[in-house]
Structures are given as structure tokens and as C-alpha cells.
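Shared between the two complexes below is chain A, which pairs with chain B and chain C, respectively.
After this line comes the complex of A and B, so read on.
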């Protein structure tokens, strides 16, 4: 009955074949003089070297950065051109705040699934050190006016508009444009609403450091990380971190008695880059590359944080039920769960919301709660509190690590990735061991 | 290395500003002809200064990171070359010496973790239609293994000799420019700050004029590095480059890069003025397979 040529059944599942990142460095540390393009190129070159892709034409490279200079309008393509990949490899930039890296992986995986590309690379990079600094709005308008001026009279008039205050530059701040509140201040409100204790946050932070240190110690990252500028391990990692030490830190977000969020249970500003190699099983097999996992499904969600209806970083809580329903799964079916630790309280508030009957009924429209998660399955090799969080690079870090962890568990093992993002957004994906 | 050459190990890299001053003061009274000193200078246990490397990579357009660019060991070896040439027993005066050609072979990729040993010697003093030629050879080993080799050929202009010209360079690639670079007036100062080569002809209009140039000129190894960086990351791998310098590149200046790729991976690149009238250099690069 099949008279037309339909070579493969579509959609097909995209395979995660490998990943690579550079060690993450604390802002204004070892990568202070490295640009986003430097770091993305380095992460890409490491992936190319490990998978023998030098001179190869890859279907596409999708990556991005959250803090981006205007000169980096074609950041990913420039990184490709600076790499050993064939210059015939197309590339484009993606930006969805901290969801960038995971969203890029979903985009490439979807193109693989639809048969539009056989392979692709997704990633992200961010530097809080080499951040763009903009001129003030007044100076910018004056300079544009000056550029448009045709006569010396018009030029003089434009220059007359200059004010001393215009000289002060604008440095990017980690603040929501519509609320004027920093991400930490938003999260402090949510943490209070869910009654997330200081102790629980510090415990999660200590576990993150402990787990990441153990993963480094066991050699887990040997084929996932390429050293860069002399850094061989995540700089933020404190293997000797403990609940006792974390308890000594003063709160930095929130006010008064109820303030629980410290520099220890919040992610620091970080520099770094990561990439993930995706493709079809056939493409991987042709090159003798083992497949670690497959991308099963993905879901994004957004919440109304502007009116205070929901917490800024709670969108992943809303994405999950849609995924579970589509896949006929429960939260408890996952062997491994990776929830990006923007703050320890983000993870804890999300877990609390899924356990809450009223929230699940009123907000998620569920007859019964999502339920609780076996914490031994959560962020088992550490997460952003220990590794650091170069915004757009976090998705690639998690996808690569989770794919390898699932592959070690054996065929069919399933994992969930959850990343919250500025603007009240959340990105989620399900991976399954090959 | 020839066995009868005495090797002198230096404790630290020589200071280029001091050497330039010494060389200028001792320029007169040199014999102007052989023999060359039978001595090699060596620097052992050379570790990569990563901050300086990153500045160099950014300035020349190489990818930032741990892979050492094709031309990096040349930067490290240059103070040894200068030390050798500034000493009393070197027959040619250093000021006015013209860098005519440079050949580099990368035997194996070098990384910032490699501990290098550099050995520099002078050899092959010979006649040229416009004076005398001498080669300064730099060898780099890592743990005793040959890793990088460079040969810089300098011309001491002087009495003409009735000898054949050296083999010509490849033809300047024709066609539309692959890239156009605007090199600002401070290009020489920026490269000097990273490379340490503070030769006054590169630094400022006034210091260059004192040496007979209308304006500051770009370092030959800067232009070479820019061209190699533009050819892509493969140049850091096992490969050989040979560059022939033609006319000086006056700063500030706008130059055009032309690239011709041949079968077998060989690339010929040329750097000219924007209008193509002035030829600055021709470079041949080929991978070692």
C-alpha cells in the first residue's frame, strides 16, 4: 500500500550523542577576559575534537547568550566559523533567558525528529564578567541625532542636548524590567509563600556541592568537559561545604526575620559555555558514535508574575502536568530528575507546589496532587548551586550530564529536565536512555 | 643541532628593550662578514603565561584557549634571537636588519600545558644580491621531543653580490579580497605590548622616522599571525608555513587579504594594500599529513 517513498517514519526521536562544556568559572575570575564567542568556540571545539567532527558539515548549530553585546548579533555563526567545523554549517542564535540552552536543544531535536537535519549542535554561553555596558538613554539619543544631522546647525543642536548625567553608563542588572525586583527578591517572596526554611535550602545547597564533588572525583566529567584557560574543574565548587558552614552566611534576599536566602543557597554569577550533539541513530551509527539517550518530549510554560499572581520562577510547575498527561506518566516514573537550582528555594518551592493538593487542583487543574519526589533521584551529580550558572550554558550542561547518567542506568531509564527562566518562563524536557 | 655548537642556557628570557639599546650602541665596528658565533642560546622550563597568550590570541584573531597558535613559539624565541644578534661576536649590526622570510613547522599541536625548551642559533650566513643573509633558527622541544621549528631569514643590506636571487615566492593570489582589515595607528604598540618586541620602527611615527620610515610599520610576525589566524584553526595543527615579506605595512593602514586554496590542503595567501598596488606579504601554508 505504500506507493509513495517515505523513507523513514516521521517524526523520529532525536538522539543525544554527546556533550561538552568548559569548566564554569566564577564571574570576574579566570574567564574575566574571555568573551562569549571565545567560550562558545572553546566548548564547540572540544565537542568537535571528541567526536571527530573536524571539517564536517553539521545540520545546524543553535545556541545563544543571555547577556549579549550588540556586536555579537551572529554569535553562534561566528563561533562556528572560528571552529574546526565545516564553514558550510549553518547557525542561529536563540534567547529564552536561562532556558536558552535547553530550548536550543529542543529546537535542534525537533528538526532532527522532523527529518529536516540529520544532526545538529545546541548550546549556550554566558559571561557576567565581559558584560555589555550600554551608554545612557540620553547619550544614545543624542548620538543617533548627531548621526542623522546633515548640517552643522543640526549637529550643533544635537550636541547641545548633551547633559553631564548622560555620561553615566548603564550596566546590566539582574532585574525584571516590569517589576524592578531582582530575581532573588522575586524568589524570596515565593519562598516565603511556600514556607521554605533556611535549613532546607542549606541542606539542598550542601548536597549539590557534595554530589558535584563526588561526580568530579569519580571521573564522570572526563568526557563531558574540556579545560579552558587553565581551569580544569568548576571554580564555584566547594567540596568541603556543609550545612554548618552555610548556616553562618547572612541572608541577601528578602527582608527581616523571614529572610532565608543567602549567597550560599543562591547561584553565583558565573562564566561558561556548553554544547550538546544531537542527531539520528543512523547518523551516530555511521560514525561509530554511541547514543546516550533520546529526546522524548518537551514543554514550555509561562506565568503571570507581573501582577503577583504567581512567583517569577514557578513556570516549570505548570509545564510538568502537560508533559505527564501527554506521555501518560507520573512524576514518580522518572528514574532521574534534574531541576535547575537557580536558588535552592526554587527547587524546594516547585517540589512543595507539586505536593500541594490545593495548588494542583486550583492552579494545575489536577484531580490529585502530582505528589512527592524521591529526593535520591534529584540532581544526583549536583546542579547549579555547586557548578554555577552561566545563564544560557546551564541547559546544555544538564542535557549532556543527564543523558550520560541515564545511559549508565540502562535502556529505558527516563529523566526529566526542568529549567526556570526570567520573564516568568519555564522549559522542560524528557530524555530516555538509549 | 650541530654537535660542535656550544649551548648556553639562560636563566630567564632576555629583556628586549635592553637588547635593542645594546644593539644600537654596538652597531658600529662589527665585521659585516662571518664567521657566525658557534653558540646556541637555550631557555628551559618555559611555561605558558595564559594571560599573555589570551591577549595574543585576541589581538591576532586566533581562537581563545589552550591551543598554542602556529606563531606563538616565535614570540617566545624572539628575545633569544635578539640576544644572540646583540652580542659582540655577532658579525652583523642589528639595527636596519630586514626580516625577509620566515618558515615555521609545527610538528605536533602544542597546548598551554606543555613545558617548552627553546634553543636558538644563527646559521647559514650567505651572500645575496643586495647584501648578506643570515638564518636564525629556533627549535622547540617538549620533554625532549621535537615539537616546533622556526627559521627567520634576515637581510643585512650592503655591498651587492653577484649571486642568484633566492627562489622566488609563490605568485600573489589574484582575485577579490577575502577580507579587508583596517589596522589602526596603535597596532604596532599593541603588538609590542604583547610580544615584547619594542623595536622603535613599529611604535610611533616619530621613532619610525628616525629609522628612515615615513610612519610606524606593522610587525611582520603580527601580519603573519593575522593571516594564519584567518586561515582557520587547522593552522595550529601539524603544518608548515612560509612567508615572504615584501613592502612594509605602514600604520594606520587598510589591507586586503587574498586566499587561494589548492588541492592537498595547500593554501597561498597574500596581503596587499586595499587597492592591491603595494604587496606586503605572500604566505604558503600546508598541512603535514
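After this line comes the complex of A and C, so read on.
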């Protein structure tokens, strides 16, 4: 636990009052026909019901989605209008790849801290099932030309340019535009660089399922999750998962001997949504709402993965020292640490980097390594490998769960949230039990 | 109305029913905030000094309803209130016959007969006890004689409890009691305070309803909220989506909680205290069925029903009724069932649990601690109510269930809810330890 005084420059700290999410479903599973707006609205409705906010005007709602239809240009506001919140509640969309949910929470928390709002809701939603499909570039150009045509001759000419290949739609793929590599392929390179073994990855994955199953069993999610479309638990969860079962899976990323990443130790495509309620202590007290935790500080970072200088998902490793320095803390001061499991190897490579003297000196500019993390403090109620990872919804899931875990530990307990994101980015935040 | 009831109200159905002498269910008069108490003049009368009629007239006057002493030729009355509290012997019952008998033909659809008497056990002589008890037989028979949605109920007012009768009188006359027929309600005392506004009698109250996600529980939440209460809606976590809909509709809070967990009562109290400053009204509505003939009922089926429907209520009450639990003047209403009164083939576990609830209510009636804190505990026992639970009953059985009562139709969840809302009023302080059936005078267990 941190014993130092906090040199935080924030005028007041935003409180995490509660959260809600819908159970996460496997892509093309139970939510196959639900849109991002449906899911975000459902997540909001559960939050409103739990906290008695029907008809209330909330300071603002900030949320987003990574895979987004062009019609969803005002996704969050539309979700608010479809919810029981007062129509006078403003809303805006946020997008920072997988960091969206956590970034939204930081944005709202900062507005609360600055006194610009006294309460707000942050969240995210994503569907890999109801993903937007784009027409090919050729067809798009033809259609635009057709739209501009004034005479039938011009119209005929525009249509004449159409080729069979133009009508094949483009389905969004999980690839980095600048490297053409999928996230998994990128991660496979990083895993190799850090010598992350298959066994270690499978162990982490098995632990994630075991921990999440235990949390569901104990009723931990009774006040964090509201069922949706008949789904009452995370669909991806395999309570009987084991290292032995995971060891049987074939690698899907990387090549040859050194390929260690399987469908079991990588997160599956998932549908879901989550939201978090933030506000001032006073706002919460007026409504008799308990404060679970406070947002202490946050930090984002980005790395140059395009030139191969650093691994795509390693940015959080760089964000941490800046946070620790500002807060006068060490990694070992945290009672709980939540590192988003994009892949088991992401978590392990990040931990390995923090233990590595050369990396910490050369890359992070630290005199001594960040050091190792007591693994009993890591993702204690499971993480994305078991729950699934609807990109923008992961941040809200972690913030709400971690806040509740911290509040169960007692006042002053501190927790760290780390989420890596596409484009070589990372978002981190520190929470402290109220 | 569904099934037979809707068919019989079509042109063909009406004709057929008339020819065959089949029952003709009508659309019952139900409460709306802006509706009059009753639709038209009310005939009032009785025997001897009719000590309660002044109160009756005052209630009617307050609602701008005309009270008449006799029915003029060709006139309709919306209700008859007969004060028989002064009967001394069975001869006096002639007053009832003379007043109510001729008036029945003039009674409007969804009309009301309310008979007022005193509890037989408080009678001074055997003759008086006989006369008082006779009122129950007459009232139940009137219920069976009435047509077109009209009902008959008896109110037994203890000596000295006259001032507590208003809320019950209003309830029985109004559309709130649409499906309450041939019931005996006892008003035994208590300081009954009239609400500032009879249209919002639960203003300022905090109420918890278990099993509020759907069916009867959702209707209870709606009605209590309409009457002014702030709602805490409880249901199992798996029913959370529907629970959130209820909670948001009534502007309350959702508490995802299985009522069988050991600390359910404490958690409800804690939630109500933290969010709303305290708790006044508890409605134990959550319930399940696991139907089998007793011969085929295993330990698990038996235990789960007894656990959810009865043991959880006993356990929660320990916390809710303890000092520092419900606020003074609190109200507990348990949802029992006709099956608990009449028994039902294939429902021995369910009937055991629902009868057990009645035992619980009767035991608490004389609890001195609760009396001091002016907390009442009552039960409602629904008959056939149109819900998801009953829509799964096979067609023929369902139709029989719907028709085997004096109103020839199933009740609606709102009918149970209205009855609970009446019991929850401050003004119902004198109604304690009652079991009120909401069954349209079911032929079962009558």
C-alpha cells in the first residue's frame, strides 16, 4: 500500500460509484442480432435501475465502440435517448481502440475532478457479430460517380465502370493498417522476443477461467452484471478449463517450432457492453449511493511498432513508470493489478519487461527494474481470456470490478488498471478504495 | 380477457351463452386515479342504530357520491352498504333482506354489496353470535347470485374500531377490489390515519417487492409506485433484465438478490436504508412451483418450494421485523395462494408453503412487539390470475380455472396488486392478521 502523500494536482477525486455490464457473449452467439446501440442501451438501463437514476439528468455520458457503423455517428447519445435517463443528458462518442472504455472513464473522471460535472457515466460497447461491412473501393467510387451524374448518358458511363470484383464486400479485419499484420501475429513476435513459453500462457489462461468462474459462483457479479437476451453469464467462460486441455490446442499465431499462441490463450471475438458510474462523493452521498473507489491518476503511452522498434501491445510497459514516479509508488505497492489479457502472452511479456534490467534501463530510463509482481494480486477475478473482450467494453468491466474488489479490501487499498490497444497504445489508471 | 371470456363477448358467443345459460363474464370495473369511487348513487341502510352509517356517508360525501336511503323506481345504484353491526339476534337479519334483496336488481354492472358487521367471537350472547355469523353466509350467497362483475363482501368491525374502517370501505367500493369477492375482512383497531391525499395514500413510503421482475410482482411495484411509494425491486440475478425494466418504469431501484440467501433480509434493509432512508412496506411475493403428485415428489422438489416460498420469508422477517428493521407503522404483506387454502392436486409442496404463510400471518397477529410498533402483517391469496405462470397451464385446465368463480374469469395481476396496496396504507392500520383472497369467489376452498 502507498504510504507516500499523493502529489496529485487534481482539485478533487472522482468517485467510482458503481458499474454495470451485460454478460459477454461469443461473437455470432446470443447477441448476433443485437447492435452496439442495443447493447449499450441495455448496459445503461441496468446501471440506471441499480442506482435509481430513472428520469435523472446525468452530467454526461461518454462511451464508444471500436467496430462502428457509419449510422452510429452519435451512438452514445442515441443510447441515452433510448434509456430511462433524462433526455437532457448530453453524450459523446470516444474511440481509442481497445482503450476506449478506460479512456472514457478517465475523461469523465477528469471532468468530475475539475468540477465541470458532478456525475457522469463512461462506457463502451462492441460487437464482432454485427460488424459494419464496407463496399469495395471500386464500388464506392462508382456509386459516388453515379450520384453525381446528371444525365442518363453520364449514369450509363458511371455504371459501365463497374467490375465483378467491386461487389465483393470488405469485412473489417483485425489487422494493423500500417503493417498488414494481425494483432496476433504482432503479439507472436513480442512473445518470441521475451521468450514467453506455451506453458506459462496456458497457465495464465487456465487461471483466468478458474478465477472468473469462482467470482461468478460467489455472487461477485450480482451487482455488476445485468442479464441480456437471456444470457446470464459470460458465454466464453469455461469453468472446467485446465492446463491439460489448453495444451491440446494447435497454435494459431506465429510459425513453426516457436509458435505458442492458441485460441485458448488468446481472447476470442466477443460481443458486449459495459458502463461505469462516476461522480463526486457529495453527489453519491445525496443519493445514498456507496462510493467504491476513487480515480487517483491515469496515464497513456504509445510505442513505435511500425518500424519494429517495439512490440505492438507493449505501450502499457512505458506508461507505468510515469505513473509510479508521479505517485511516488512502486509496482509492489498495489494491492491489486488488472492487466487486460489481450493474449496471455501480452500480460507475460509486460511483466517480463518490468523485471528486465536492461529493458528498464534502456527503454524506460530507470536506474533499477520495476521488479516482479506478486501474481496472487493479478487479475484475481479473471480477465479477458475467460470473460471475453468486446473491445470498447473491457475498460468499463475492469474499472467496475476492480473498484468493488478494492472496496472489499478496505479504505486505502490501491489498484492498477492496464489496457493495451491497437496502434501501439496503452491506457493505465490507478484506483484507490474509498 | 382471454379464451372463453373473449369468445362469449362476441355477437355469436353472447347468443350461444344466453341460449345455453352459460356464464357471461364482463369487463370488470378497475381503478384509475381519476375515476370516481363508484359510478352513481349508493344505497345505505341497515339495522337499528346503524352506528357506522355516519362514517359511510362521510366517505361517500368526501368522494362526491350521493347516498340514498331507498331505490326509486327505475333508478340504478352503484353499490349497497348495509350496516348490520347492531344485530342482536337472527330475527334482525330481516333488515338485511329488506334492504339488499330488492336492490340487487337495480345494481349497476361491477356494482358492490358491502355488509358491515361485528366479529361473532365478540358477541354478548349465542343469539348475537349466530346472527353475526349468519352475515357471512348471506354475503357469500349474494356473491354467487350477483351478475355482471358485481361483488359482495363483509367487513367485521370490532367494537371500538369503527374509526379504522374508511380505507377498507373505500377499497371495497372502488375498482381496486375488482376481483375480491365474498371476502370477510376484519378491522380490529389501530390508529388509522387518513392520508393527505387518497389518490396517493403511500406518499413518502419506501416499499420492497420480491419477485418484482415480472407477473404479479411487477404489477405490485407499478401500483405501489402509482400510489406514491418509492420502490426497491428484488428478484434473482438471472431475472435482472426484466427487473431493471420494472425498476426503471417505477423510478425505483433494482436489487438483484436471491431471497433464499441467508442474509437476504439484512441486505434488503441495508439497501433501503442507504438509498431511501428506511423501509415501511415489505411484500413477500417471490414464489415458485415445482408441481408433481406427492407420490412422485422427490426431496429436492419438495425442499426448493418450501425454501423459496416459506423458509426465506421466515428468515427475512427475522431481520425485517427486528427492532431497527421496519419503521413504526410498517406493513408486511405475504402472497399466499388459493392452493394454500383449498389444496391442489399435484401441488402438495406448494400448498404446504402457501398454507404455512397463513400460519405465519396468524401467529404474528397477536405479537405484542409488533402491535406496539403498529406493524401489521397480512396475506393475500390469489386465485386464478392471468400471468406467465398460468399461461403455461394446459388449455382445458386453464379454462376451467378461469371460469370456476363467481366472476367467470381469471383475475389480473393488478387485482392482486391493488389489494396489497390497500393493506399497505397507513389508513389500514386496523386490518391485521387477515387473509384476503383475490379469487373472484373461487369455488375452490370457499
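As a convention for this text, the second predicted complex is superposed on the first by the 424 of 434 C-alpha atoms of A that agree within 3 Å, B and C clash if a C-alpha of one lies under 4 Å from a C-alpha of the other, contacts with A are read in each partner's own complex, and residues count from 1 in each chain.
Here is the rule we go by: a residue touches a chain if its C-beta (ideal position, glycine included) is under 8 Å from a C-beta of that chain, and two chains touch if they have at least 3 such contacts.
This structure is a prediction, so every number in the text was calculated from the model and none was measured.
On chain A, do chain B and chain C fit together or clash when superposed?
Superposition check on chain A flags a clash between chain B and chain C.
Considering only the touch criterion stated at the top, classify A:42 as touching first (chain B), second (chain C), both, or neither.
The answer is both, since A:42 touches chain B and chain C.
Just checking: does A:34 make contact with chain B only, chain C only, both, or neither of them? Give me first, second, both or neither.
first
So, does A:288 touch the first partner chain B, the second partner chain C, both, or neither?
Only chain C is touched by A:288; chain B is not.
Output check: A:225 vs chain B and chain C. Expected answer is one of first, second, both, neither. What do you get?
Only chain C is touched by A:225; chain B is not.
Look at A:390 in the shared chain and tell me whether it touches chain B only, chain C only, both, or neither; answer first, second, both or neither.
So A:390 meets neither chain B nor chain C here.
Thinking of the overlay built on chain A, is A:84 touched by chain B (first), by chain C (second), by both, or by neither?
In the superposition, A:84 contacts both chain B and chain C.
Hey, what residues of chain A end up touching chain B and chain C alike?
42, 45, 54, 84, 227-229
Could you list, by residue number, the parts of chain A that touch chain B in their complex?
Touching chain B from chain A are residues 33-35, 38-39, 41-42, 45, 54, 82-84, 227-230.
Please output the residues of chain A touching chain C within their complex, sorted ascending.
Residues in contact with chain C: 42, 45-46, 48-52, 54-55, 84, 219, 221-223, 225-229, 232, 287-290.
In the complex formed with chain A, which residues of chain C make contact?
Chain C reaches chain A through residues 233, 237-241, 243-245, 247-254, 256-257, 261, 273-277.
Could you pull out which chain B residues touch chain A in their complex?
Residues in contact with chain A: 50-51, 54-55, 58, 63-67, 112, 232-234.
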